[in-house]
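Below, subunit A partners subunit B and then partners subunit C, in two separate complexes.
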Partner chain A sequence: MKQIDILIIDDEVKFADMLSRRLSLRGITCRACYDGLSGIQWIKENPGAAVLILLDLKLPDLYGTQVLAHIKEIDPAVPVFIITGHGTREDEKACLDLGAVEFIHKPVSIEKITTLLTHARGEVQ
Partner chain B sequence: MNQHTIDLVNKQGLQFFGSVNASISHELKNIFAIISETAGFLNDLTQLSKQGKKLELSVLENCSNSISEEIERGFDTIRQMNQFAHSVDDPVKETSIADTLALAVKLTGFLSYAGKAHIQDGPANDITVFTSPFLFQTLVYKTLCALYKAMDIKDELTIAYRQDDPSGITLVFSYDRSGDLKDFPDPKTADVADALKATFTIKESALELTIPRDNDGLQAALADGQTP
Partner chain C sequence: MIRTPQILHKQEWLAFLFHRHNVHLASFHTFSNYCRIWIISIAILAVTSLSPLVMATFINHRLIQQAVDAELVLQTERVTSNAKRSMRFFLEERLNALRFIVNELPYYALIDNEHLEEILGNLKLGFGGFTDLSIIDADGSQVAYAGPFNLEGKNYKTQPWFTRSIESDNFISEVFTGYRDVPHIIIAVRSINALGRLFILRATLDTQRLMDTLLSYKTNVHTDIFLMNHTGQLQTPSNTHGKIFTPTRLDIPKFSTTTNVIMPESERDHAFIIGYSYIITEAVTTPFILMVYKKKSGVMGTWLNLGRTFNWIIYISCLVMMIIITLVSTFMVNKLYLADKTKAETMMKMEQNQQLACIGQLSAGIAHEINNPLALINETAGYLKDLYHFADEHQNDQEIMEHLDDILEAVARCGTITSQLLGFVRQFDVQTSAVNVEKLITGILRFHKKETEYKGIHVTTDIAPDTPAIETDRGKLQQILLNLINNAFQAIEANGCLDITVSHLAPDQITIEIKDTGCGIPEENLKRIHEPFFSTKKEKMGTGLGLSITYGLVKKLQGNIRVESSEGVGTIFTVTLPVKMKKEDTA
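And then the complex of A and B:
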């Protein structure tokens, strides 16, 4: 099992890859999954391996809320942040009810994400 | 079309306009997020270069191409937004079935729960209906939304249209697995359909929407100043 800092589940491949590269330059280890099932599979194979998860709401194979529910079943403690360009207030409420920490609209600054990681690391400790 | 229906449609029209604009803005957020990250990455590389790290030209080229692609995606989205905005220019007019379907598929594609939809090629000559382009767009959009919600996100929708007789056009939304459509059309969608004199037929593997070729009642109502 490989420990990482952030798991990014987002079908916007360019966004996920570019964010990963920028975070890597800051010494933050990331893994990007481009659909819901591969994200769930990675978590199943690596339970507790990610400090936090950034989850998009619009995915090609599952609804983001479905992915969130699966994540919370497998690894209830991992902080999940919804990071999406889409999403209504109803989506936000559903995600928060399912245990998401925060519902963040894109675009989001790299500083915001590094702050989330800092806080998540603090919670873990 | 009575005043009650006109009032309902007016209110719905505003809500629909708002919800479509919200979904377009969501798509633009995604585009800007990619451009923002790419620009940020270029800035990161510039800072590293100042510290003596070699800049790879291929990385710069990839970033430049990515930004160009996203800008083109943004223009495409704006074109759809513009096309949608102009659907209120004429209260009633000859309205292309193909154009209405294409725009509805693109606009609903921005929604978080949207599945995939494929429009089959229609007849060589474009089929039109004389109706309210905005309300017709509303009806097709709401139909697609209901179908996406009823279907599994992985299922694909196939859309075709035909002119069975001179008086009406039928749009056929086919699916492999029928979802839960027992509450369709909901009252708001039914009101729009009523205004357009459109009817729904739900079958095991398809939902059919039939709209009259001409809608004299709608034209008369609009001529009286009762703008939908």
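And then the complex of A and C:
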């Protein structure tokens, strides 16, 4: 089981790639999954391996809230941040109820993500 | 909702007359010209209600008039016919008496003056009205005479009456004065003596008897009975046409053997009804026309007075009805106007709200769709920057770095807009708690402390001591005040003033007034400031969403927002909020 910093679950391949590359440049290890099921699969295989998870809402197979519920089942402790371009207030409420830490609208700055990671690490330690 | 002066104005009586055309409201009004509706309604009501009355009155008036005329005609006809019969009898009786005398007595007995005197005496006794008697031979010389005047031996050959009486068996003259200067009538009968010569028995009749007979038919002062000859000269005195022998200018009525009644059409004689009859005896046609003049108003005065009273009643009731009609029409049209106005205002508000909702939905859709590509641009540009940054290759290429920063800045700005757009549609649940308005305002002003000092802005807060803590959504109220205070700070130039007043005038609401001495809002923009994307701020300064979000939030908190502004002087935003929000909306 390999330890990583951030798991990105987003169907926007280019976005996820760019983000992970940028984070890598900053010495942050990332793993990108392009649909809900593969994300859940990865977490199942590597429980507790990610420091935090960035989750999109609109995914080709499952809806973000469903993925979130699965993640919380497997690993309730991991902080999940919703990063989405869509998202209604119902979504926001549902996500927060399911245990997401924050509901963030795209676009999001790289600094914000690194800050989130710093916080998450601090909490974990 | 607070009662603004505008709402009070609506209650005014006759408000529709002072209706001012409002371009924004006009399209929502069902009717536009209330004065016209008012006039039409008065006209229709007046015509439908008054015309039957007026028509009935008119018909009634005509009927009365006709009845009165018919009655008058009948009366006049009766009087005329009776008078005529008397006149005819008067003349015929005397003519027959003369005829009897010439047929009964021999010529020599007649030319005896003494005998003639005796006959005259008997005639006066038997008939009356005789003044004198004379026998005139065919040459016109008087053969015998009995009477008060000494006319013996006179020759009448040149007298017109003589020539006419010698030509026919019987003769009746007009009234004339003759030698004696006293009005009299001559009647004469012609006969033949034993020698076969023509002679005339002539009698002079006293006109007084004739006039007395006539006057006995004059039943009242409104009736005038007189005789005239065939040329229109009066033969007896008349009340209406003057003394005896006066030539009248009357139209000579058409010859007729019967009694007739005419109603003159001419203006002058319109007030009269005229009965006439030619007096014709069995033996001879007399030169007299009997005229009866009846004054309509005099005879039928009672009826006409009644009609006049009736007319007055009609006039007054018409006037009263017109007043009632006008009042009712005014009241109804005013009600209609007020209802229409309220409807138009509500519709305008609804449309504004709908517009807001529509724009909100549309912008949310756009924001959603743009966010993803925006995120990609952001990451790609960021990655490029990172590449340069971490690869050391172009690390010092200032130009590339600047351009990349521009892109990232632009993306960040777009991000702000889209998140504000989403915030505009998103309606969070309202979570009420007791909020201390004073603390909230103080907190917000603390944010601006630096700016206040830097620009030299004079800030005063005046919070009424009895202001209660209000039950509302803290977050939303904070955002409302933040937006308004931010706006004020942006408008205020150096050394301006910002006054925040909180008052608790009505028991169930508080009023927050934010007054700045900024640049003000031009009148044409005042109506649009709550529209999304409406902004007059220079590039990069505003998104045009701030006030429309504020407006939505105030509504959400069951409050009201009002703005007054004058350009160059400043702007006052007044937010009215309920002390305690109603339950159904908080759910």
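We adopt the following convention: the second predicted complex is superposed on the first by the 125 of 125 C-alpha atoms of A that agree within 3 Å, B and C clash if a C-alpha of one lies under 4 Å from a C-alpha of the other, contacts with A are read in each partner's own complex, and residues count from 1 in each chain.
Criterion: a contact is a pair of C-beta atoms (placed from the backbone, for glycine too) under 8 Å apart; a residue touches a chain by one contact, two chains touch by 3 or more.
This is a predicted model, so every value here is computed, not measured.
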{"item": "Clash-or-fit label for the pair subunit B, subunit C on subunit A", "value": "clash"}
{"item": "Subunit B versus subunit C as contact partner of A:91, first or second or both or neither", "value": "first"}
{"item": "Touching partner for A:12 - first (subunit B), second (subunit C), both, neither", "value": "both"}
{"item": "Partner chain(s) touched by A:107 [first = subunit B, second = subunit C, both, neither]", "value": "both"}
{"item": "First, second, both or neither for A:119, with subunit B first and subunit C second", "value": "neither"}
{"item": "Touched partner set for A:61, first subunit B, second subunit C, both or neither", "value": "first"}
{"item": "Which superposed partner A:44 touches (first subunit B, second subunit C, both, neither)", "value": "neither"}
{"item": "Offending stretch of subunit B which, after superposing on A, collides with subunit C (from 20-28, 74-82 or 200-208)", "value": "20-28"}
{"item": "Residues of subunit A contacting subunit B in one complex and subunit C in the other", "value": "12, 14-15, 18-19, 21-22, 25, 84-88, 105-108, 110"}
{"item": "Complex contact set, residues of subunit B against subunit A", "value": "22-23, 26-30, 32-34, 36-38, 40-41, 44, 48, 66, 70, 110-114, 153-154"}
{"item": "Subunit C-touching residues of subunit A, taken from the complex the two chains share", "value": "12, 14-15, 18-19, 21-22, 25-26, 84-89, 92, 105-110"}
{"item": "Subunit C to subunit A touching residues, read off their complex", "value": "368-372, 374-380, 382-383, 386-387, 390, 411-412, 414-415, 418-419, 422, 426-428"}
{"item": "Subunit B contact footprint on subunit A (complex, rising order)", "value": "12, 14-15, 18-19, 21-22, 25, 57-64, 84-88, 91, 105-108, 110"}
